[in-house]
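Paired with chain B in one complex and with chain C in the other, chain A is shared by the two complexes that follow.
Up next, the complex of A and B:
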C-alpha cells in the first residue's frame, strides 16, 4: 500500500518551506487575532478600570453637567459681549467638550496604569504594544461623541440651536473626525504621563488653553499671530471651523480641506504619542524607573 | 482660639500655594478666562469693559479655589490620615476646619492679582479705581464670606462619597448665577432669586462698584450677613457630621 497523501509527493525541501509558510501564516493570523482582542477587549477593560469618572453620579455631573454649563456660560457671555452669534459659541463649545473624554479620559487610560501600579505587569506581557495603546482610545472616542452629542442636544433644547436637518450627517462626520483627532492629543499627554510626575496638571491646562487657542470662543483669525499659529497646529481648531461652516450650510465638499487638515493633525499627534510611549517604555526599562515618581 | 485660627490659616495657605492644582485654578485658569473675556469684549461692543472682565475672572478664581478646596477638605484629611487627630484635638473641630476653608478662599486673591496684572500688561486694562479704600476693604470681606460658604460646602459634601462630582458640577453654574461675568439681567428671572443667597453675587457687586463706581456698602453688608448665616449653618452641619461619625465609627472611612 503506497502512501498517496499529497504531502508525500512534495520534494523534501519544498515541503519544509511550505510548512514554514503555513506555520508563519498561522502564527501571523494568531497574532492578529490576539492584537484585535487586546485592542477591543483590553481597551474596554482598561476604560472600566482606569476611567475615574465611570460611576453614574460622577459621569452625569462631570461628563454631562459640566459641559452643559460650559456651553451655557460661554453662550451667555457671547450674548453680553456681542461679539458673535449664539451658534458660534454653541458649536465651538459643543465640539470642544468632547475633550473631557479625549483629553482627560485618554490621560487616565494611560497614565493611571502608572498611578495604580499596574504598568509593570502590563509592560511585562508580550501583547502588541500598538494594540494596547490604540485600544484605549476607542472607548474615549465613543465617550467624546456622546458628550459632544449631548452638548448639541442640550443646546437645541435650551438655546434654540436649530441647524438644518440636512446638515446633521455632515456635522456628525466632522465631529467624529475632530473627536478622533482630539483623542490623539490626549494620547500624547497620556504618554508624557509615563514619565511626568503630575500629568493631570498638564491635562487640565491643555483643556483650558483649548478654550482660548482653538477658536472655541474667539475667532482664530482675530488672535495675535503667535497664538493663531499655535491654534492652527493643534487638534480641534480646523474641526470646529468646519463644523461652524457646515451648520451655516456648507457641504462636506466645501470643508474638505479643513477636515483633511484636522485628520492629518490627528494622525501626526497619534504617531508622536505612540513613538513617545515606546520611547518612555524603553527608557523606563533601561533606567529601572517605570513606577518611580 | 485666635492662635489656632491664625496658625491654621497660614499653614493651609502655604500648603495650598505649593499645590500645582491650586496654582492652576487660582492663577492660570483665571488668566485664561480673563484673556477669553478680553478678546470677546474687544471684538464685540464691550471694548470698554476690560476692568469689568478682569475683576469678574478674578472672582471666578476665588470661587473655584473655594469650591475645590473646601468641598474636598474633609475627604483630603481622611486620605492623609489627619482627620481623626483633628477631631480628637481639644479644640473644637470647627476651629480647625474654618481656617482651612478661609485659606482656600484666600488663595483666590492670587486670581485677582493675576488677572489685573495680566490685563494691565498684555491688554492695557486701566487700573484706576473709583474708591480704592473701599476696594481694599471689599476684597477681604468677599474672601471671608466665600470662606464661610466654603465651610457649608465642606460640611455638606462630606456626606457624599463623591464630593468631587459636585465640585466639578458647581463651578460654571455659580459663575453664571452670581453674575461674575454675565449680568444677571440676561439670565432667566428665577436665577436672580438664587443669586441673592450666594455671597459671590454681593462680593462681586461690592468689588466691582468700588472699582468702577456705584454703591458698595449694600454688597458689603450682604456679604457680612450671608457670612454669619453660613457660619451658623456650617457649624450645625459640622456638629451633626462629627456626632454621626463618632456614633457610627465612620470617621476614617473613605
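Up next, the complex of A and C:
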C-alpha cells in the first residue's frame, strides 16, 4: 500500500499550473478590490481635493445660484418673445445646468492635478488608471443631478413648472443618462487640460456653446445644418429632447431611441477622454512633458 | 545583490525656441551614466542644479523613458515592468508642491494609501505609524495649506513610505527647509536604511551627502564625474590646500584670471551680504597666497586664511573640472 498523499499524485506540471492559476486569480481579485476602492474612495477624496467650489458659499453661488438665474433669465426671455412654452425653456436649461458640475467639475478633477503639481506623484503610483480616471466622474455625476434637481425644484416653486407626477421617474432617468453623458464631455476637456494651459477657457466656451448648439433654448431643427450636425454629435442634445417629450407625456419606451443615442454619445466621449488621458501619460514618459505645457 | 542598476543611461530632451521661426534643439540631460546600489545602501547622487539628478531619478521611478541604456529596480526593467516597479518603490520629492492643499495630512495619506493598494484594514495603523515617524502626529487633521515647508516635506516622506517599499527615491528632500527641520529630516532619512530600505538620495548639499550616504556619485553636465565613499572622494583633493579670501567688490575678470593661475585647481565665489568669499583650491606644495592677492586689483581684501580641503572642496573641484 502506498503511503503517498493523494495530492502528491497530481502530475507536477499540473499542480504547478493550478497553483499558479489560483495565485493569479487571487492577485487579480486583489487588484480588482483595490481598483474598486480607488474608484469609490479615491474618487470621493480627490473630489474634495480638487473641486474648487467646494466651500458652502462658493457652492451655493456657483452651483445653485448661477444655474437658477440662467433658468429664470431664459424662461422670462422666452415668455417675452412668446415663442415657446415655459416648459421648453425650463426643461432645456434645468438639464443643461448639470454641465456646471459635469464640465467644470470634471475639468477641475483632472486638469487641477497638473495645476497643483500632484500629477507626478499620482502617476508614480501603480494605481489602476481607469479606476483613477473614472472615479473622478462619480462625484460630479451626483453633483450634476443635485444641480439639475435644484433647477427643476426651483422652477416648480418660482415658474409654476408642474409636470405630471407620473412622468417624474422617467424624467429622472433621462436626466441621469444626460448628466452621465455630459460628464463624459467634461472628462474629455479635462484630459485636454493635461496638456493645454488655459483649459478653463475651453470649459467656459463649451458651456456657453451648449446653450446654442444643444437645443437648450432654440430647437436644434431650426439651426443651420452644420450647427445641427454639431449639436447632434455632442452630449445633452438628445437628452434634452427626450426630457421635453417625457414632460409632455411620452413614456420611456417612446424616447428609447433618444436615450440610447445620448448614452452612446456619452460612452464615445468617455472612451475618447480615457484614451487621451493614457496617451498624454505615455507621451509624458516619452517626451518629458509631464510638467511642461 | 544590486537593488538599483543604471547602465549607460541617457536621456535627451527636444525643446523649441522662438515664436515665429521655431527652432528645434536637443538637450542631453543625462549622458550615459552607470551605477549600482546594493541592498540596504544609502546612495547619494550629488550635483549642481541642472546636472541631471532629477532626470535620472525620474527614469528610475518609471516616469521617464530613457533615450538609451537600461535601468533596473530589484532586477526588473523600469520601462518593461513599470507597474511592478511602481508597487515596490517610494518616491519623495522636495518643494512645496505635490500635495493636496485643501486636504488634511490624514486625507492626503489616505488617498495615496488607496492608490498604492494598502489594505484597508491596515491603513489607519500604517498612517499613524508614519505620522509618528515623521513627527506630524497631532497635526494630521489640519489642512496642508497651513503647513510649513518642513511639515510638507515630512508629509512627502510619509506618503512615499505608505506601502512600505523596499526601495526609496528621495529627490532633494531637504531643499528650502530650515536648518532644524532639515536636521530632523536627515535623521528620518538615516532611519530608513536602519530599517533595511535601499535609498537613492539626490541633493546638492555636500554635508548632507557626507553625513548620510554610504557612497556618492557626483554628477555634472549629465555625466558621473566621480563615484565612491565620501572618504574616497575627499582623498581626491586631500593633497592640495584651500585659500579663502574675503573681498569686497571683486570683478569677474579677476576671478577668471585666478582660474588661469598655475597651480589653481578651482575657484568659487560665495556672496556674503556686502562681501564675497573667494575659495581657491590649489595644488600641493605651492604657496600661492601672494599670487592670488596680486590678481585682485581694485578689490578691498579682508581676512585671508588657509585650510585643509573638505568634501565640499572635492565636490567643487569635480564639478568645476567637468
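Basically, the second predicted complex is superposed on the first by the 284 of 293 C-alpha atoms of A that agree within 3 Å, B and C clash if a C-alpha of one lies under 4 Å from a C-alpha of the other, contacts with A are read in each partner's own complex, and residues count from 1 in each chain.
In the analysis below, contacts are C-beta pairs under 8 Å (C-beta built on N, C-alpha and C of every residue); 3 or more make two chains touch, one makes a residue touch a chain.
These figures come from a predicted structure and were not determined experimentally.
> Output check: A:271 vs chain B and chain C. Expected answer is one of first, second, both, neither. What do you get?
neither
> Taking the superposition as given, does A:77 touch the first partner, chain B, the second, chain C, both, or neither?
first
> Report for A:126: first if it touches chain B alone, second if chain C alone, otherwise both or neither.
Once the two structures are laid over each other on A, A:126 reaches chain C alone.
> For A:46, using the defined touch cut-off, is the partner it touches chain B, chain C, both, or neither? Pick first, second, both or neither.
It touches chain C, and chain B stays clear.
> Spell out the part of chain A that touches chain C in their complex, as residue ranges.
Touch list, chain A to chain C: 30-31, 34, 37-38, 41-42, 45-46, 48-50, 54, 116-118, 120-127, 132, 284-288, 290.
> Mind listing the chain C positions that touch chain A in their complex?
11, 13-14, 55, 58, 61-65, 83, 86-87, 91, 93, 97-103, 107, 110-112, 114-117, 120, 159
> Using the touch rule from the top, collect the residues of chain A that touch chain B in their complex.
Against chain B, chain A makes touches at 53, 55, 57-58, 61-62, 65-66, 69-70, 72-73, 76-84, 198, 200-201, 204-205, 208-209, 211-212, 217-219, 222-223.
> Using the touch rule from the top, collect the residues of chain B that touch chain A in their complex.
Residues 20-21, 24, 28-29, 32-33, 35-37, 39-41, 43-46, 162, 164-166, 168-169, 171-173, 175-176, 181-183, 186-187.
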